[in-house]
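Both complexes below contain subunit A, partnered by subunit B and then by subunit C.
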Partner chain A sequence: MTAAMGVVAAGSRQHRRRQIIGWALFALVVALIPFLIADTYSPTIFGNRYTVGLGNLSQAIGLMVAILGLNIATGYSGQLSLGHSFFVGSGAYLTAVLVNDFHWSYLATLGVVVPGLFLFGVLFGIPALRIQGLYLGLLTFAVAAVFPSIIRLDEVADRTGGSNGLLIDSDLEAPTWAPLEKVTEWLHAIPGVGSRVPEGLTDRQEEAVYKYFLLVMVALVCFWLVRNILAGRVGRALVAIRDNPLGAAANGVNLPAYKTLSFGISAAVGGVAGTMLAMHSGFVGPDEFGFSMAILLIVGLIVGGSGTLHGAVVGGLAIQFVPHWSSQTQTLPGTDVALEGPYGTAILGGLLIVIIFALPGGASHGFRKIKSRLMPVAPQPPRG
Partner chain B sequence: MGSLASVLGVFDISLDKLSDGELWLAQFFRGLSDGATYASVALALVMIYKSTGFINFAQGSLALLGVYLVYVFSVEQGLPVAVAVVCAMVASAAVAMFIERVFIRPFPPDHVLPLVIVTLGLLLIIDSAVGIVWGFRTRSLPSMFPRGAPIEWGIAQLTWRTIGNLGTVVAVVALLYLLLSRTKVGLAFRAVSSNLESARLVGIRVGPTLGFGWALAAAIGTLGGALVVPDLLLEPSIMLRVLIFSLAAAALGGLDSMAGAVLGGLVVGLARNLLVTFLDLSELALATAVGVILVVLLVRPTGLFGSTRVERV
Partner chain C sequence: MALLDVAGVTVRFGGVTALRELSFTVDEGSICGLIGPNGAGKTTLFNVVSRVYDAQEGAVAFEGADLLSRPAHAISGLGIGRTFQNLALWPGMTVLQNVMVGAHHRSRIGALRAAVRWGSSREEAKLTRTAWDALDELSLTDVAFHPAAGLPFGTLKRVELARALTGRPRLLLLDEPATGLTQTEVGELGEMLVALAERHRLTLLLVEHHMGMVMGVSDKVVVLDFGAKIAEGSPAEVQNDPAVVEAYLGAPQ
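What follows is the complex of A and B.
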């Protein structure tokens, strides 16, 4: 098959230009989407009405960051962690309590959540050093199951709300300087595309759009930081530990230090994800962060592509939208089956197995393959 | 003495409770009964781990399916409970064999992580399938054993159920031992567990042998479920809790030791009941199980009776 575009050398000017165009397109899409779906986008397919709401998208962004964190411990350094929901839940509850009882702003809580969860992850990582492979998976799975019962403990229930969950009494109103209203008007005035954009934003829509941008910013910072950490010495050490622990140790990688570090970073990113989810929904409940979430995050990690950053994005979208759309399928074409409730989980389970069978590298591996066919890049030896 | 009392006070322990012999005995019996059920699901987990080297996270879900089949055979079809349990064991064994053939065997057996992930997928699928077919309404399941207690000391009762649960586990272990040590298929199973490649070279049909292991494990898991559910109510999430306690039991005993699984089950059952009663930790029943796993794994990373793997570089 001939390539749709010519081969370019990695690092050449054409390659740079292509990358810049790609990122610009990405930025444009990310910036425009909230306005396009501020009035929930709802296509009808085979008589079923599906919705793509801004709320779903914001939730998916939180889940992307959660998967990003899991990716560091499991995807990159190869330690099976089925308890990531514990870190996410801790971050969410920490934020909720700080906002409710101490009247902090959401973003300020990150100043406690990130170092706190990092420390917690390191503390968790130290016993994990002695426990390997499946035994670790088993222990983390049990830890995930315990989180809801810790939240329900009588001793902490007056702060955490116990079984009822906790409504966070702080709204995220768009600040007056944010020109969301103006941008909406401009976009609406564009012929053609403009018809999809509402004439003006209601207060609720404005809040949702503002929240979306806030979450996108936090997510971008997380992805950027993690990318930088993983692109350097730490990332190489973690991948070496995953691929061959003995070989890594023989080459001077300090296994215990890097393994605990990976748990620390993983937990800190997970905590940020928790803050984001709390920010998005303004509510935290104990059962949200039980082991069903832990398993869903693993599903997202594998479906998106373990050990890749793009994978976290695809995975977050998948575990948010697959169950959502499944529950909106009121009549499966050709039958009168409604795919409500547990069907969504079953479909995710099926997807997980199909991906492991057919595309072990996950969806991002598949995209990369297609991309390298359409826009091949010739690798260049490093200079010097 | 004063300091001891203050320490106990922190945990809300009353000395009355601690010196109450009947309460001890009552919780001891209850612990044995729970422990027996955890032991049987842990046995199922160990069967799979021994032969294939991975943990089947769908084991609890297979047991869940089995228990719902018991419900169908006994309550809906009106069979005697014991007969219903046997039918359900056979049916869930068939399902497990099918699952092993379709979802597990296509993967290379020496690559553990994808297989574990597949079992997580199976967990999601089976649990939600049970929810779809039978709904989320709670139901009560009759027990195989009569009500009442032949032996009583005050509030401490040795019920027929406790005796039955313990007896069943002892019988399962005995039968399993005979099956593995005295039959040809048992010999094949042990050969495959100890060295898959060599077993294949001497002409053992590895695939069907592993399928047999899956079937056996599912049948044992179903039996364990049928023991535990009558104490609780039947609903689709019930086996997840049991799975955690059984995982704790298996980890405690060592993932590749059957005797360890039984002992681990009993210890977890006892620890759960005694600690929860005397330390007043009713919300923390699961957490005590996790604490048990953590402590044991820290001291002995392969459990009490697990064999250490020696790796050749």
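What follows is the complex of A and C.
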């Protein structure tokens, strides 16, 4: 095994430096991307025109957080939840109603969404103590399937807007101190790359860029909190329950408590994802959060890598962009043969099959393998 | 007072009686062997003590306190650790992480504090240290960062032992620790168990098919056949008991 960069010891100065460089590059990319695609980027590949817009990316960030939440109950503690869209939808509607009817700011609604959805999740987790596997899947799926009908109920329709959905009447305007306009001008002045950056931002673009940064912030906080929970004692207890419940109980892991807790956290994070999606689109509709979303989130979880945090990032991008791009594939690449019909889902399904065979642990498993090959890190025994 | 007191325990699965009015005690600081032919009910008893199975009749007391009213996850906290016949490790974690879970009941940081890193790094370092010491003691540090799968069965058995030790038990239930070992290794294991018991002040309840090892290390041996106790006593007494000879070899025609 040849390592391109040599083995470094975990926690050593080289390892630190490598991590810092990695994060700095990540931060740079995250900060530059919105300016690069503020004017929707639309390359033509093999005769098909594809678009990469900032709106798609922001939507993908919301989906990443949704998959992150699903990952806790399903990926880490192994309880098949096909009803995650219920939590995402509840979060989105809670936010929409609080913003519309009570004039809260978007971020303030998280103060209700997080504890509220945590409780929802705990209630949801109680039947999960009794049933497992496919049966749990079926039960949660039923919950996902009824969500749109609940929203349409006459009793709640004045608040939820029923079938019409709900336009949220609060715009996220970039605060005057945010130097978005300045940064755009600077970036535009850079030779080469600068040509992709518009000369100045229109009001709508400025709003989109501001929203993007807001969503990135919320997502980073979510990933950080979840990572902290899962990296330690609680995360190990959840994996122990997933991999061998008998062994977990014999070592003092309170199975009912941890299973319920995992559903609670999962739902709370799902709720935040809902808030983010509502923030992004300024609109919530009942059918957005039906069972097709529940299935799509499971697909994202598997494609990205169940039981890994990076997997949620890849999964969110995948379920946003793959169907989008596949639907933009009008002709068979490189030919004039026209494609008709719902190719988006078909290609996503094909990709799922390929990934299951080629990368059994999902994309993040593959990345991790490549990374450990190119930049191996030797874990170190504890000091002292 | 006996550390573990099994009194009249009966376990039935449908029409099958897996344990029939089983009574015996294990004294603090002793090594007690539990033997019997396959299907005699040895593992069933372990599962009753660790609260995986319920007993229809009888009582089990640990240090005089009733055990059967406790849930399974409370048992390790009381000071009872166990290993499993067919391993109950978590292949999704490294050997070190597996062993760290052994100290789960001795650590406190919950999801809320972990989320904001309030005291979690310190506890994590302590857990790592404790687990590492257990791995060191059982010569497992070489595989510490290996996933707990794909290693030789004997090694994984030792990982389970290390995990159980990390919980600082007073009573340790060992289910066939010598499975998959060569004759020499079985001898070494016996010596190691005696040494471990002494160093950690452990009381051992040992299920094992290697008679040489059981007879060599045990202070007392309890023999089961078809769920009932057929003999109890020192290794020498048990070996000469006609009922034991019959259970293992069959009655003379």
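As a working rule, the second predicted complex is superposed on the first by the 374 of 384 C-alpha atoms of A that agree within 3 Å, B and C clash if a C-alpha of one lies under 4 Å from a C-alpha of the other, contacts with A are read in each partner's own complex, and residues count from 1 in each chain.
In this section, a residue touches a chain if its C-beta (ideal position, glycine included) is under 8 Å from a C-beta of that chain, and two chains touch if they have at least 3 such contacts.
Everything numeric in this text was worked out from a predicted model, so none of it was measured.
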* Asked: Which partner does A:Leu255 reach: the first (subunit B), the second (subunit C), both, or neither?
  -> second
* Which partner does A:Ala237 contact after superposing on A: first (subunit B), second (subunit C), both, neither? -> second
* Asked: Touch check for A:Ile229: first (subunit B), second (subunit C), both, or neither?
  -> second
* Asked: Who contacts more of subunit A, subunit B or subunit C?
  -> B
* Can A:Leu246 be said to touch subunit B (first), subunit C (second), both, or neither? -> both
* Touched partner set for A:Phe118, first subunit B, second subunit C, both or neither -> neither
* To do: Have a look at where A:Tyr212 lands relative to subunit B and subunit C in the superposition and call it first, second, both or neither.
  => neither
* Using the touch definition from the top, say if A:Gly349 reaches subunit B (first), subunit C (second), both or neither. => first
* Asked: Now for A:Phe87: first (subunit B), second (subunit C), both, or neither, which partner does it touch?
  -> neither
* Asked: Residue overlap on subunit A between the subunit B contact set and the subunit C contact set?
  -> 246
* In the complex formed with subunit B, which residues of subunit A make contact? -> 80, 82, 127, 130-135, 137-139, 141-143, 145-146, 149-150, 152-154, 246, 291, 295, 298-299, 302, 341-346, 348-350, 352-353, 356-357, 360
* To do: In the complex, go through subunit B and note every residue touching subunit A.
  => 49, 54-55, 57, 103, 106-107, 112-114, 116-118, 120-125, 127-129, 131-132, 236, 240-241, 244, 247-248, 250-251, 255, 283-287, 289-290, 293-294, 297-298, 301-303, 311, 313
* To do: Over in the complex, which subunit C residues touch subunit A? Could you list them?
  => 50-52, 71-77, 81-82, 84, 88-93, 97, 100-102, 104-105, 107, 109-111, 114-117, 120, 123-125, 127-129, 132, 141, 144-145, 163, 167
* **subunit C contact footprint on subunit A (complex, rising order)** => 225-226, 228-229, 231-234, 236-237, 239-240, 242-244, 246-255, 261, 265, 307, 379, 381-382, 384
